[in-house]
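Shared between the two complexes below is chain A, which has chain B as its partner in the first and chain C in the second.
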Partner chain A sequence: MLSKLGRIDSRVLYFILLLSFIIPLLRPLGLPMVISDEVQKTYDLIESLPSGSRVVVSFDLSPGGYDELAPATVAVFNHMAMKGIRMVGMSFWDAGPSLLDRSLAGSLYADKEYGTDYVNLGFLAGGENAMSAVARDITGAFPRDFYDRPTANMPIFDGLQAFKDVELVIVVATGNPGVPEWIRQVGDPMDVPIATIVIAGLVADYAPYMQSRQLIGMIPGLRGAAGYEALIDMLGRGTAGLDAQSAAHLMILFFVLIGNIVYFVERKREKDEADEEGAAS
Partner chain B sequence: MLRTATLVITFLAGFIMIAAFFFDVGFLSVAEAQIQDWGVIVAAFALAMASINLIQVNVNKAVSSENVTDKICSFVLLASLAGMSIIGLTKGPTSDTYNVLFDGIMAPGQSTVWALGVFYIASAAYRAFRVKNADAGLLLFSAAFVMLGAVPVGEVIWSGVPAVSQWIVDVPNMAGMRGMLIGAGIGAFSGGLRLLLGIDRTEVG
Partner chain C sequence: MTMSNDLSVWIAALVTIGLISFVFKENLYYRIVESLYVGVSAGHAIVLGWGNIRNLAVRPLGEGNLAVIIPIALGLMLFTRYFQKWSRVSRIPMGFLMGLGAGLSMRGLVGSQIVNQIKACYLPLNSMNNILIIAGTFAVLSYFFFTVEHQGFVGKSAQIGRYFMMLCFGAAYGSTVTGRISLFVGRLQFLLGDWLGILQ
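Coming up: the complex of A and B.
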């Protein structure tokens, strides 16, 4: 029985894991919500900004990671829109601008005025070097937006030339260039606060930046999204997905446990057989 | 002659960027801004160069490879590259046609590949994550607490899970990450200095 379990087909494991996602999505477990310090700090910072403040959002992510970050992004956009904060969006990843459009369309910014309350500047090649160039002169680096409209005359840029006039930078990141590059080129040299919405897999990498206060807020994946949705009292996809994530984590740990039980039982049996053979000879 | 010129340009560009970072002098700031703008233009050309390289490699494969799967994959890649490029250049990246291709093929395709990772991780964890010694035991213990601490079910199992998980991230993980970051920083400084002083000449061939 145990040896069969050790040679179980991968497709069976895939199917069990798939069920562990689907069942909680169809019948939510209603697990208690925990709001982490990083999420609370991000919320507090945005909450403290006065109406009319300008926040840069850099969409440095791939479509692969977007599904994990979309709920948190929409929640933060909803909070910013409710507070009357103006959003300057840009990207240093080629797919970023299209994904930013999706998040904007799903948030309260969809009812705001483009060019006055928010703008999508599009993609700029050059990674870290381009970030520095934009930070120095926003409309100089992006003379036209994602829709090929001239940016210089947009009301959102009145009195806004460089990042020194910006209250906060939020980096939505799945990799490089991302958070460390923003800290190096903008956060540290220009003294601009930086927060991030990041995939859960990068939380451990960015923890040192939180402790050194080079990052003032971090919203990790679905768990962060669910916490933020609770804070703004607008439950959405983050809350819905959290039970499924809980079940998946439990299932993977269960697989590891079963795998180790099989390993130890088989090792003991092999040892016993070897001892018996030794005694017989 | 060309080699020397490249080394001199590299040194000057790097020196101006470093000097402008430390000293707020008018002409240095102007030069820094100019170099950054050139950098953005060069990066845009690099994207075009990468596309040309991708086309060359895959045209060769599509024409001369004996493996049918390789041929098909290269052909699909070339067709996708041509299709997205032509539509992007003629109709723009905000056109309906481009959005249909992006939202209907590219985004779901990448999301699928990304999501498949969890199934492979689960299968690999089942087959390969064995507590063969104390190190592996420690790794399993840490992984279990960090995984459970990242989701609400951890607190349901035991109220101390989030605190233990946070301690693992904030103390042992932080120490290791800081060591790596400092090491990488010193390495980047050393590598940059070698490039600026012309000791490392890989960029000039």
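Coming up: the complex of A and C.
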């Protein structure tokens, strides 16, 4: 029985894993959720901003990481829009502006006025060098937005020249250039608070910045999204997906456990057989 | 509970299924979708790159801003690498780019990633978290301290540093698995919700 388990086709495991995803999505289990300190800090910071504040959102991500970050991004956008915070979006990754558009369309900003309440400035090549240029002169680095409209006359930029006039920078990141570059070019030298919505794989890398308070808040992937949705009382895809994620985790742990049991039992059996053969000869 | 009639959703759904089909086994459908992704990504990058050139070079030049001639010239010099006789010229803008990039990084790197991280370790030893942070920092640093042979106290400290790093790698790996699962959950929500319409 155990040796059969050890030789099971991996596609069978994939199928069982797929069911562990689909069942909780169709019938949510309502598993308990804890709001982490980093998510709470991000919420508190945005909550403390007065209406009309300007927040820069840098969409430094690839399409491959978008599904993980989209629920958290939409939740934060909804919170900002409800608070009347104006959003200046930009990207230093080529796919960023299109993905920013998708998140904006799915949030409460879709009902706000473009150019006054929010703007998508598009993509600027050059990574960290470009970030440094934008930090000093936003409309100089982005003379036109993603839709090729001139930015200088947009009401959102009245009195907004550089990042020193910005209340918060939120970096939506799947890699570099991303959080470390923003901290180097804006956070530390200009004393602008930085928060991040980040893929779970980068949480361990960015945790030291939270400890040193160079990052004010961090929303990690789907778990962070579910927490943020609970905080703003607008349950969405983050909450819906968390059950599926937890069920899949449990299933993977079960597979790992069974795999290890099979491995050790098989190894012991082989050793016993070898000992018996040795004794017989 | 209705299936999407949006063409873009259908394309995204079929492409997603094509990529996931690799789990079953490599097949022609997967390879077509993979090639399509590479092509579309390259085309997208070219279009956005041209947008940058148009907004930051062509238009300002047309409006009489002659200062942009310098970066345009430096940019064009990069292309000389395709001509053997003139390829050395491309080193000038490359050197400029490297120098600028290194300078900008260094300016922030020392303050942000060395000084501020050291400052963040000035912690009172009044909680288990703080004790772990300080012990972990010393232990990991001693692992990379090769001036003294790793024996005795330094050896023990380096060994503990190794354990700390193993824990960190484990946490990073676990987070990565979580991230991949989140991605798949997102795709399933798209397939079951946006495409098939069977999710609320």
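We adopt the following convention: the second predicted complex is superposed on the first by the 281 of 281 C-alpha atoms of A that agree within 3 Å, B and C clash if a C-alpha of one lies under 4 Å from a C-alpha of the other, contacts with A are read in each partner's own complex, and residues count from 1 in each chain.
By our rule, a contact is a pair of C-beta atoms (placed from the backbone, for glycine too) under 8 Å apart; a residue touches a chain by one contact, two chains touch by 3 or more.
The structure displayed is predicted, hence computed values, not measured ones.
**Q** Looking at A:L13 after the superposition, I want to know if it touches chain B, chain C, both of them or none. Which is it: first, second, both, neither?
**A** Once the two structures are laid over each other on A, A:L13 reaches chain B alone.
**Q** Look at A:L49 in the shared chain and tell me whether it touches chain B only, chain C only, both, or neither; answer first, second, both or neither.
**A** Neither chain B nor chain C is touched by A:L49.
**Q** Could you say whether A:L25 touches chain B, chain C, both of them, or neither, answering first, second, both or neither?
**A** So A:L25 only meets chain C here.
**Q** Touch test for A:R213: chain B only (first), chain C only (second), both, or neither?
**A** The answer is second: A:R213 touches chain C but not chain B.
**Q** Have a look at where A:I35 lands relative to chain B and chain C in the superposition and call it first, second, both or neither.
**A** Touch status of A:I35: no partner.
**Q** Touching A:L253, do we find chain B (first), chain C (second), both, or neither?
**A** Touch partner of A:L253: chain B, not chain C.
**Q** Looking at A:V265 after the superposition, I want to know if it touches chain B, chain C, both of them or none. Which is it: first, second, both, neither?
**A** Touch status of A:V265: no partner.
**Q** Does chain B (first) or chain C (second) touch A:D137, or do both, or does neither?
**A** The answer is first: A:D137 touches chain B but not chain C.
**Q** Could you look at A:D205 and tell me whether it touches chain B, chain C, both or neither (first, second, both, neither)?
**A** So A:D205 meets both chain B and chain C here.
**Q** Going by the contact definition given at the top, which residues of chain A touch chain B in one complex and chain C in the other?
**A** Residues 14, 64-67, 95, 97-98, 122, 124-125, 127, 129, 132, 148, 189, 200, 203-205, 208, 211, 220, 223, 245, 248-249, 252, which sit in both footprints.
**Q** If you look only at chain B, which of its residues touch chain A in the complex?
**A** Within the complex, chain B touches chain A at residues 21, 33, 36-37, 39-40, 42-44, 46-47, 92-94, 99, 102-103, 106-111, 113-115, 118-119, 121-123, 125-127, 129-131, 140, 144, 146-148, 150-153, 155-156, 162, 169-170, 173-174, 177-178, 181.
**Q** Of all residues in chain C, which touch chain A in the complex?
**A** Touching chain A from chain C are residues 23-24, 41, 44-45, 48-49, 51-52, 55-56, 59-60, 97, 100-101, 104-105, 107-109, 111-113, 116-117, 119-120, 133, 168, 171-172, 175-190, 192, 198-199.
**Q** Given the complex with chain C, which residues does chain A contribute to the contact?
**A** These residues of chain A touch chain C: 11, 14, 21-22, 25-26, 64-68, 70-71, 94-95, 97-98, 122-125, 127-129, 132, 142-144, 148, 180, 183-185, 187-189, 199-205, 208, 211-214, 220-223, 237, 240-241, 244-245, 248-249, 252.
**Q** Can you tell me which positions in chain A touch chain B when the two form their complex?
**A** Counting only chain A, the residues touching chain B are 8, 10, 13-14, 17-18, 31-34, 62-67, 95, 97-99, 101-102, 122, 124-127, 129-130, 132-133, 136-137, 141, 146-148, 189, 200, 203-205, 207-208, 211, 220, 223, 242-243, 245-253, 255-256, 258-260, 263.
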